[in-house]
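Encoded as structure tokens, here's the structure I'll be asking about.
Note that the chains are named A, B, C and D in the order they appear, and that numbering of residues resets to 1 at the start of each chain.
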Amino acid sequence: MSREAPRGRDAYRHFTRIATRWADNDAYGHVNNTVYYQWFDSAVNGWLVGEGLLDIACGDPIGLVVETGCSYFTALSFPGEVDVGIAIDRMGSSSVTYLIGVFPVERVEPSAQGFFTHVYVGRGNRRPTPLPEEWRASLDKLA
Amino acid sequence: MSREAPRGRDAYRHFTRIATRWADNDAYGHVNNTVYYQWFDSAVNGWLVGEGLLDIACGDPIGLVVETGCSYFTALSFPGEVDVGIAIDRMGSSSVTYLIGVFPVERVEPSAQGFFTHVYVGRGNRRPTPLPEEWRASLDKLA
Amino acid sequence: MSREAPRGRDAYRHFTRIATRWADNDAYGHVNNTVYYQWFDSAVNGWLVGEGLLDIACGDPIGLVVETGCSYFTALSFPGEVDVGIAIDRMGSSSVTYLIGVFPVERVEPSAQGFFTHVYVGRGNRRPTPLPEEWRASLDKLA
Amino acid sequence: MSREAPRGRDAYRHFTRIATRWADNDAYGHVNNTVYYQWFDSAVNGWLVGEGLLDIACGDPIGLVVETGCSYFTALSFPGEVDVGIAIDRMGSSSVTYLIGVFPVERVEPSAQGFFTHVYVGRGNRRPTPLPEEWRASLDKLA
């Protein structure tokens, strides 16, 4: 596999610090690969809520995940914290693909890099809906 | 700690078979203690749905967890399956405490034993509500 | 996104049946996207253990995850079970990329399709090691 | 149930701040009851590692969980953080029961209160072993 070099911290526009948990470590003593994806949607949805865009309980639209992927470079272990960086990789009319990087605190090289594609849909009909102007304006901050 | 002897399979009225997952194993190579609680509410809520009582998306009432506990006797590891037994330990006007036992498949002694107390509340107001007659009738099968 | 059509059940050589759990459902009432990845490494590692190749506690080599990805087509919800199909997508000297499909029981179309790349490494040094002949012979059954 | 009044922050000797995750929210929009237990062993084991007592990968003794319990008072939701307080409830020759409180950040009343009993065992034989003097001395800080 010839992979592109992973992106550094300067590729990201927003960071969320997240504590690892004991249960994150798997039988080989490292954070299980699935946990990184928990951090992905925590970072994206947390940012959307913080911007006042997403209201998980009642808001409209909501974001559904249609595709994700991750490359793992170095292992992480509980205890400790990570910084999860997000940036916009690609914005469509009703979807956004976020570039995501997981960095050990105080480290400049990522432990993992991935992407996370949200399609924004009506809460009731769960059909794709064009991103509201307010969303586009805020999302531009991650571009 | 002088604990009562754990109850055998005959103390339970319904069993749910659940597959362990790779991520269930923690750094010491055994199913993490928190996973047993995932099996507890899977067994109880799965039974309630199967009986046609609980409708997770739209039904009323719903069950909220107010207290749980578990004693661990022997370790479990992925891969493998477990049988999770449930029975009624105590029924109040709007709450039910379930006795729960986790058994390795084909084993008569439990790996863990616990309890799980649900309070049934209105979906909208989240206030305790007397158990509907239909629920009581079905729950009697677990007594 | 012009995606290839998802593969049906006949693209897979082995299926693992896994029960969903209450905690798998997220705030929108569907199995969270990260749970599919828990099924991925459960299906792959469970098969390797069942074949007598992987010994999680003591064996050598072990498999480390270097890349994963998943496309989500339709939502799943607890309660219920899924069939997780695995096949070999690509075999290198010390790595295997598995094609993975998640099917609702009794359904022919997948709910999700992904891949999972393991690099096999020495337990002690965690460096890539050529796949033992015994592993290759067994893995051929998934080709 | 006549329960004792839950203990305030002053009952605890050490606090760990932990970020909630998107996947923590269950189908009713609140942090699932099992996640609190993930915070319990994160708080206890994280403290033990921070004190230089527990070495998850190689140290001896290690702590195995033999009993846990939790009472839930108010719901929590992602996004947000919690403070998890720990104190010693009871110390035996080879076991420690920790009192644990989960507090929303900046709140004085707990969202949940529980306990967590570790038995300390030899890494190799997994048999209970008397707590080393160094452990007792450090644990006294939580008394």
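As a convention for this text, a residue touches a chain if its C-beta (ideal position, glycine included) is under 8 Å from a C-beta of that chain, and two chains touch if they have at least 3 such contacts.
Note that the coordinates shown come from a computational prediction; the quantities given were computed from them, not determined experimentally.
Trainee: Tell me the fewest steps from subunit B to subunit D, where a step is a jump to a chain it touches.
Mentor: Shortest path length, in steps: 1.
Trainee: Would you say A-D or A-B is joined by more C-beta pairs in contact?
Mentor: A-D
Trainee: From the C-alpha centres, identify the chain that is farthest from subunit B.
Mentor: Farthest chain from subunit B, going by C-alpha centroids: A.
Trainee: Tell me whether subunit B and subunit C, two copies of the same sequence, contact each other through the same residue numbers or different ones, using over half shared as the line for same.
Mentor: Comparing the two copies, subunit B and subunit C contact each other through largely the same residue numbers, since over half are shared.
Trainee: Based only on mean CA positions, could you tell me how far subunit A sits from subunit B in angstrom?
Mentor: Spacing between the chain centres: roughly 33 Å.
Trainee: Could you please state the distance in Å, as a whole number, between where the Cα atoms of subunit A are centred and where those of subunit D are centred?
Mentor: 28
Trainee: Identify all positions of subunit D at which a residue touches two or more other chains, and write them in rising order.
Mentor: Residues 22-23, 25, 27, 29, 32, 34, 38, 41, 56-57, 78 of subunit D each touch two or more of the other chains.
Trainee: Give every residue of subunit A touching subunit C within the complex, in rising order.
Mentor: Those in contact with subunit C are residues 1, 27-28, 32-35, 37-38, 41, 56-57, 62, 64-72, 75.
Trainee: Could you please specify the touching residues of subunit B with respect to subunit A in the complex?
Mentor: 22-23, 25-27, 29, 32, 34-35, 78
Trainee: Which of the residues in subunit A end up touching subunit D in this complex?
Mentor: 16-23, 25, 29, 38-39, 41-42, 45-46, 49-50, 56-57, 77-79
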